[in-house]
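You will see chain A twice below: alongside chain B first, and alongside chain C after that.
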Partner chain A sequence: MQAETKTKKYNRQKRENRYGAMFVTPYICGFILFQGLPFLIAIGLAFTNVRYISKIHDAKFIGFGNFIKMFHDQTTMDALGRTALYSLLYVPLIMIIGFTMAYLVNKGIHFKNLVRSMFFLPYVANMVAVSVVFTLLLGPKGPFIKALLAIGVENPPFFLYDMKTALPTVVCIAVWKGVGLNLITYLAALQGVSGDLLEAAEIDGAGKIKRILHVIIPMVSPTTFFLLISSVITSLQNLTIIQVLTQGGPGQSTTVMSINIIRTAFTRFETGYASAQAVVMFVIVMVFTIIQWQGQKKWVNY
Partner chain B sequence: MSLKLRKNLRSWTVTIILMVIGLLCIYPFIFMISSSFKISADVLGKPLQIIPDKFILSNYTDLFGDPYYDFAQWYKNTIVMVVTTIVLKVFIITYTAYGFAKIKFKGNGVLFLILMSALMIPGDIMLIPRYSIFKNLHILDSMWSLVLPSCFDIYFVFMLRQAFIAIPDSISEAAEIDGCHHFTIYSRIILPLAKPSIVTMVLFTFVWSWNDYMGPYIYISTISKQMLSVGIKLFTEGQVADPALQMSSATLVLIPILILFFFTQRYFVEGSTSSAVKG
Partner chain C sequence: MKKNLQKLIACGLVTAMFAGVLTGCGSSNKNNTAETNKQDNSATATATPGEKDGDTGSAKPFEGVKLKYATTQTASTGEENQKLIQLVKDETGIDIEFFVIPNSDSGEVDKTLVSLMNGDEIDIIYNTKPGLKTFYNAGVLTDLSELAKTESYDMASKFGDYLPVFDDAVYGLPAFSDIWITLYNKKIFDDAGVAYPSAKDWTWEKYVETAKSLTNTDKGIYGSLMLDYDCYNYMYALQKGWNPYKADNTANFDDPLFKESLNFYYGLGNNDKIQPSILDFKASGTAWNAFFTTGQYGMFVCGGWTTSVLNNFEKYPRDWKVGLLPLPYPEGQEASTLTVPGCYAIPTTSKNKEAAFAAVKCMAENQYKLGFGRVPARVDLSNDEVNEYIENSLAKPFAFDELTVDDFKTAWFDPTRKALSEKIIGPGSSVISQVVIEEGQLYGQGGEDVDAAIKNIQNKANAAIESDK
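Here is the complex of A and B:
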């Protein structure tokens, strides 16, 4: 009797295995081809001197040559610095604006859904359309510069066309485009903050600022942690936004790592070297994520 | 009474402030659409005027009549690409997610964990190697180089597996006793029950595929096979300095997204908070 159920169970497991294979094998094949393999090739290429991507079979192993070259290559080092600057501007801005807006929207305003949608709209907009509009709006004949002139600013900045202001302008546009996602994520978290707790704090004599600092911010810290990691990653994946807005210009002023990698690969045809740069970026992202993960114990309350 | 009044006054003040900021937020889109119906001189001449003096359609008819840039063709390419992606992706992703969520085969957990760890790999790193893979598969310079990688997206396998797991096993077990096998349970029971999650996936896929710029920019070289995003960019960078034409071309690529967003905001907002969709 027991043996019979055992065989039955065994047969059932065998059947499940067969079905499992039928359901997941096609995906696994595609996954290997389009995700796994490219990743491994990228790492492999980083150690070779391949020039043209189409002549991949000529690859010669050169060890850490590409990585050493990177640290002597001023253009790439400058790009790395600009990437850091970009992230240092982008992450705090999007986190603070996202939280502040969510806090205000959560305060029981009218037309909540309409307001929420207005902030979220740029997130789904097409980047090319956005760039065409902003190039015109911020251009030398555009309304922004005219308005600045009208209120008496002598030498208004040329935003995207000025070496000094191009990078901060790109960051602002990126924040404008992405902040909607942070806002609605924070909004969902704020709706979960218990009203009783806030009331108790109020009775204990905590003022508005104190309530925000000591009750609300700690309560939403898991969301902050999640958004911080995803915002850092987004800030490093800025290829499309910069490519369509400035293509790395004027001069080199917005040439961050992602742009530098694409240029190295597809205009200078140094595929191996470009892959090495991409691998370095990947390692940097991983290190940052691990550091944040380790550090979360100190300030995230679950 | 006065407290209530004060509270009311405050909430209206905050509403008005947020409305103004919100309007500033969407001003670029309002500017774009209204300019696309203006004569060129008025685009920068009267930037704050939202309703044009006279509605003109020539900015659009000029685009579709352009001898060098085939907008109709780009539109068609993009629609075909996006629809193909959605149809294939819905099938592949839900089918796979069912396998991971509802079939207790050996190695399920480990395999899924490997997939999840791949979620950490940024897409940029794969741009270069994919070029050579596409070349070997002979899908370079065709829409398949955009469709296929999207169909094997990892994120949505995760999202739909979560949604399928939330459907109680008792439902599928009852069906199994009635003699249904996995294919029937998948297509007749699970798919209809997971409709909201599938809709979210369809919407985000539409937006991402439609908006994709780097994909077509790198993998598609023949201009007649190009997608709208890259086409518009070529057009606006090309000989055209006419601001009204630039705005009508930008409107052309944005309008399907705006319409979609207008009718399905709820799905977008809820979809991104429930599972925090990646950028």
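Here is the complex of A and C:
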């Protein structure tokens, strides 16, 4: 009887596994076809001198030629530097603002649901629409410029068209657009923080700041870890926002790696070289992610 | 029973997921053909019986042959292309089907090129003369010289310098030429009490002087409008005899004429203040059609294609009239203008090159006759033929603006006016265009001085030329 139950259980498990595999198969096929194979092809192309407008049989294997060229190419190095700057601005900003807003919403404010929806709305908004709105807001007839003129600022900067302000402005817009996800995720994590712990800390004499630093932040550290990794990756996937807002300009002040890769491939037609840049970006993201995984043991509390 | 139902549901869901994943992979050829058939029918329906019947008896060696013409969805449904394929059908008996290609935005690789490099069978493509250079570099164009020789067809005597010639071979036939002009808003002239300018000796010096007397920034009116295309940066230099490449095929942006040209173009907004500075232009998101939609600009220096907007009152309603002048030129120089010919070419993937050549010939020789304000890229037309064309076809759609035959002749058909290429044609040209815009605008916005901009353009252009070898 027991053996029969075991067999039944085993068969059911097997069947469930089979169904599971069946449901995963379409995604795996799609992944292999549209991401896995192109990724492998890109790695292969990175070691060739293939150009978009040349015959594939004319391509030659050039070893690490494209990678060496990349580190001697000032334009690409500058783009890499801007990418790092973009991430350095974006990640801390979105993490801090996301947490702060979630904390405030969690503490209890009027129209909590409305506020939560308002913060999440930009996240689902169309990027092109966002770009149109910000181009108007920050343009010569927009309220920012008018306000600056009103308070006596002569020649106020056009934030998106000034070499010095263009990149930080794009970052701020990206943060505004993406912070909703961080807020919602942190909010869920904050709601899981035990009230008993906070009460105990309060009884022990911990003030508000200490409670945040020593109770709340450690308690939401798994969420912080997840958001940190996803924010770093998001900060490197910045093609759309830059393309619609500044197209990499003025000059090259917002030309980050994603824009540089597109231009190398589709304006300069250097497919092999563009692939090498994409591979280097992949390696950078992977290294950062590994470092974060390794480092999490020291600060993430599960 | 329950198990079977579970299996059935699971299989159904998995199939649906597969279909979802692969839904974007299907070929759109069926749709294209369906669309084409629909268009063919509508085109046939719009043709007058007389037009169709008139040619039925003539010899048509390619009667019934079907060819594929790659173009965008918008162009394929446009009236001009519909009439064009009907014309080819009437003249040669060839049925042209549209091979619909997605639009390519600025900076993107032409999707037609992607399709051709993928080996898609296409018989006819359209592009500008500089645009065809990329296709030529990719090795996807058929040399027409042999086909013309077989038929004893003299391309040079028909199309002259408009022909897209690369390495001494002809790779397309030009159907029309876009010639640069000056449009002016007569109302702004009237309000400012300024006399309409004359085409005679229409120099940049006169242009700037006129624009100054029209500009009234308190009312938001500028005397001039120019866009932010690459050619505005080097237009003035070209008219003074500058060439983008030196004799040794290196970049020529360190020539003082180019510096003068940058200073001239950006100075119009920054110093003369007769048009929005490039910073204002970019920051306010000024559109290419701002001259027509706002009525706030006295004069507009632009390609002739923009005149197609003038008789589109539904989309561009206006109560003010437009005047037409040629492109200004620097004082002391010979009169000149910028041009870019639109050409038809035959890809190497075409399976019926003879028929494609017959169709391309028909399109190139006759498209201007269809009544869409085209300037023929023909050098063999007599004076009488040109006059007849202007009077009976070209000028008619512009009746509201009271544009005269003389206006058109001076702006578009002046044989003494030197024609200069609007686009840079040569090695590294696509990168060079982008660099000229980037660095030029940076200088125009005050981000760097003119010498730094020129040094950067020169270095980057040389790198692009080297990389293109």
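In the analysis below, the second predicted complex is superposed on the first by the 264 of 302 C-alpha atoms of A that agree within 3 Å, B and C clash if a C-alpha of one lies under 4 Å from a C-alpha of the other, contacts with A are read in each partner's own complex, and residues count from 1 in each chain.
By definition in this document, contacts are C-beta pairs under 8 Å (C-beta built on N, C-alpha and C of every residue); 3 or more make two chains touch, one makes a residue touch a chain.
Here the structure is a predicted model, which means the values were calculated and not measured.
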{"item": "Touching partner for A:Leu160 - first (chain B), second (chain C), both, neither", "value": "second"}
{"item": "Touched partner set for A:Arg268, first chain B, second chain C, both or neither", "value": "second"}
{"item": "More chain A residues in contact - chain B or chain C", "value": "B"}
{"item": "First (chain B), second (chain C), both or neither touched by A:Ile41", "value": "first"}
{"item": "Which of chain B and chain C A:Thr185 touches, first, second, both or neither", "value": "first"}
{"item": "Chain B versus chain C as contact partner of A:Ala102, first or second or both or neither", "value": "neither"}
{"item": "First (chain B), second (chain C), both or neither touched by A:Leu89", "value": "neither"}
{"item": "Touched partner set for A:Gln237, first chain B, second chain C, both or neither", "value": "first"}
{"item": "Contacts of A:Met281 with chain B and chain C, given as first, second, both or neither", "value": "first"}
{"item": "Touched partner set for A:Leu245, first chain B, second chain C, both or neither", "value": "neither"}
{"item": "Intersection of the chain A residues that touch chain B with those that touch chain C", "value": "19, 22-23, 26-27, 30, 33, 53-54, 135-136, 141, 262, 266"}
{"item": "Residue numbers on chain C that touch chain A, as the complex places them", "value": "10-11, 13-14, 17-18, 20-22, 107-109, 113, 117, 134, 137-139, 279-280, 282-285, 430-431, 434, 438-439, 441-442, 445, 447-448, 460, 464, 467"}
{"item": "Touching residues (chain side chain B, partner chain A) in the complex", "value": "11-12, 14-15, 17-19, 21-23, 25-26, 28-29, 31-32, 43-44, 47-48, 92-93, 95-96, 98-100, 103-106, 108, 111, 115, 118, 120-133, 135, 148-149, 151-152, 154, 157, 181-182, 186, 207, 210-211, 213-214, 217-218, 229-230, 232-233, 236, 243, 246-247, 249-251, 253-254, 257-258, 261, 265, 268-269, 272-273, 276-279"}
{"item": "Contact set on chain A toward chain B in their complex", "value": "13, 16-17, 19-24, 26-28, 30-31, 33-39, 41-42, 45, 53-54, 56, 101, 104-105, 107-111, 113-122, 124-137, 141-143, 146, 176, 178, 181, 184-185, 187-188, 226, 230, 233-234, 236-237, 239-240, 243-244, 258, 261-262, 265-266, 271, 274-275, 278-279, 281-282, 285-286, 289"}
{"item": "Complex contacts: residues of chain A adjacent to chain C", "value": "19, 22-23, 25-27, 29-30, 33, 52-55, 75, 135-136, 138-141, 158, 160-163, 247-253, 262-263, 266-270"}
